[in-house]
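The following pair of complexes shares a single chain, subunit A, combined with subunit B in the former and subunit C in the latter.
Now for the complex of A and B:
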């Protein structure tokens, strides 16, 4: 406990906690929609695209990676959604090609052009987030706060529409809701979340952050609203626990958070079993 | 009073024609049953009428200003819905999304409407239940209540009784008949010719040879082709 308060005196620890909580909150909000709409593949594909974008930004020696990575990933989200929709059968194959391609090209670029002497260390950081969350600058923290606020605000404003489009796109369009536009909104928000979350857990583990809290909450709760609230609370708690544990035990931040999410999922599965309640 | 007219309508997907040269018009208050084999284009017709896809050619004319948000629609159930974590109340209320427009939250009037719709289909007792724990018949009545929130004058139903047991099926047909008696125009897709003849005023038979006409005309044309054993309408009603 003393060690903890001592650590909290460092600004970088406080930054890490603020950013960790915000990212965990944002990523859990859309998790339910992603899982139910079978959109999880987009999250997976996008995280690899974001890795590729990061590599390109590194090669171009940009001063601010985010300014390149964010628009690039958002654009890819829109493209991925289009391919996923219009070529029904080959949709997931196309996404697998794009995501694996981005991964390969990213690594190739890094190894060809990187000035860094510690290439595998850099790559590992991008993929698993290692310690980059502990080296955040105040500028990055600000950007994260602004983007998170935007994501949360959009989610609140369009909560009812997101529910309607998730539950039944056909009906929603039939009564005049622009389902395509909302799908696009969802994809763009996911892209923003993924770029944000790269700092926290790295691009390989982002899907876990989005999907685990939603899956856990869906095991136990019965209404869309309680599932959403529960997955937000769960995600924030796991993220806090994970960050603190990783500081105390000097383990990688991203993996520790994901392990906390997995533990929560197992506990919730047990609860569901005992309640004899919901199958899923 | 004409409500809906389809003129020289051809439907399909990107150069694949599914149904062609449809010509019919429907009066307000009618009960149209769309029958035909699997894959004959019934769902495609309904989606085209709803404006969810555009016709290859021809036109659909709504008379006296029926607008899209005033149509109730009960789509075929999707696999996503079967294990969806949402309460009956959340689902029925989402029927008001067209009325709410861009307003982020539902107002009191819309909640009142959702309550009334649940009463009409008898799902008020299920209000706080989770959708995925309901029986097939209960789920369909919940979706019917949701569509009622949107419907002012027209109701489109895509195979509302598929997968239901005989009791639930009968209840569903009675609910729909009641809606029709209350003045709602019904367009329903069904595999059940018996029910179509019993409840509908008009039949549209989709297929390579399209038939449109009143139930009596349909029986007559079927008898002429020797497909239907000679039954009068009265006898069909008695069987019910």
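Now for the complex of A and C:
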């Protein structure tokens, strides 16, 4: 406990906790929607797109890669969620193609043009997060707070519409809800969360932040509201536990958070079993 | 004899619990004020703090820093200069941060230095320097301590 208090005196530890909590909260809010819309894997696909965009930004020597990565990922999210339903390449296949394609192109560009002397380190950091959450600048923390606030605000403002589009898109359209517009909004929010979460867990582990809290909550709760609230509480708790455990035990931050999420999922599955019957 | 053996065993056990002790290097004086003591902290914290020092060096220049990591040296084949560093890897072991140091004593290389990869404890004052038009940071008047048991 004494050690933990000493660690909390470092500003970068406090930044990591603030950003970690915000990202976990945002990802869990949208996670429920994505799981219910059968878009669980979109986080993985978009994170690979963000990795590819980051590689391009690195090759172009952009000092602030966020200005390039964020619009690029938002555009990809819109394309995936909108055109996926109107083209011959449907949902999961489109995500898989974009996912592996962006990953391959990103690594190829880094290998060919990167000026860094530690290519494997750079790739490892981007894919697994490493300690990037603990090396944030105050500018990155501010940007994260602003974007997270925007995501949370949008979610609460359009909660009813997102709920309607999530459960029955056709019915929502039939009663006058602009389903296309709300799908677009969801796509933009997802992309923002993905780009933010890359700092926390790296691009390979982002899906865990989106899926595990939602799935854990669905084991025990049934209504959209209770699942969303439980998912948010669980995600924030696991994120805090993961960050603190990784600092104390010198383990990689991203994978420690994901292990905490897995543990929570197992506990909630057990609770569901005791309560009687497991919901899928 | 049995008591003596037990006494020796006790001393060996206690000394094994000591974090480091010096060999051929002066001990760090107790009156040296350490501004930033990273020794004994988790690798994740030390790695992140060194990153922050490199990112915002102005906040730390002139401060006495103590850290542990592993020792490494680089010899410039053109100039013959040897650079010594305390390296701290990150938790994923894919990246490492290091701080160069210059010892306060007239140590000879390589005789008075440990083997590369040895765990070391370095205490020194952070100062900037310029070489070939590039700015660098290093710990000057550094006191180097390592565990002789591992040599």
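Following the convention adopted for this analysis, the second predicted complex is superposed on the first by the 273 of 280 C-alpha atoms of A that agree within 3 Å, B and C clash if a C-alpha of one lies under 4 Å from a C-alpha of the other, contacts with A are read in each partner's own complex, and residues count from 1 in each chain.
Everything that follows uses one rule, which is that a residue touches a chain if its C-beta (ideal position, glycine included) is under 8 Å from a C-beta of that chain, and two chains touch if they have at least 3 such contacts.
Just so we're clear, the structure is a prediction, and the values are computed from it rather than from any experiment.
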Fit or clash - subunit C, subunit B, common subunit A: fit
Partner chain in contact with A:142 - subunit B first, subunit C second, else both or neither: neither
Three-chain overlay, vertex subunit A: subunit B-subunit C angle, C-alpha, nearest 10 degrees: 170
Touched partner set for A:160, first subunit B, second subunit C, both or neither: first
First, second, both or neither for A:273, with subunit B first and subunit C second: neither
Touching partner for A:248 - first (subunit B), second (subunit C), both, neither: second
Partner, of subunit C and subunit B, that touches more residues belonging to subunit A: B
First, second, both or neither for A:173, with subunit B first and subunit C second: first
First (subunit B), second (subunit C), both or neither touched by A:7: second
Lowest C-alpha to C-alpha distance for subunit C against subunit B (Å): 38
Subunit A positions touched by subunit B in one structure and by subunit C in the second: none
Contact set on subunit A toward subunit C in their complex: 3, 6-7, 10, 12-13, 118, 120-121, 124-125, 128, 130-131, 134-135, 137, 246-253
Subunit A partner contacts - residues on subunit C that touch it in the complex: 41-45, 47-49, 51-52, 55, 90-92, 94-96
Subunit A residues touching subunit B - in the complex, by the definition given at the top: 32, 36-38, 156-161, 163-164, 166-168, 170-177, 218, 221-225, 227, 278-280
For the subunit B and subunit A complex, residues of the former touching the latter: 47, 50-52, 68-69, 71, 73, 75, 78, 80-81, 83-87, 90-91, 94-95, 97-98, 100, 104-106, 128-130, 132-133, 146-147, 150, 156
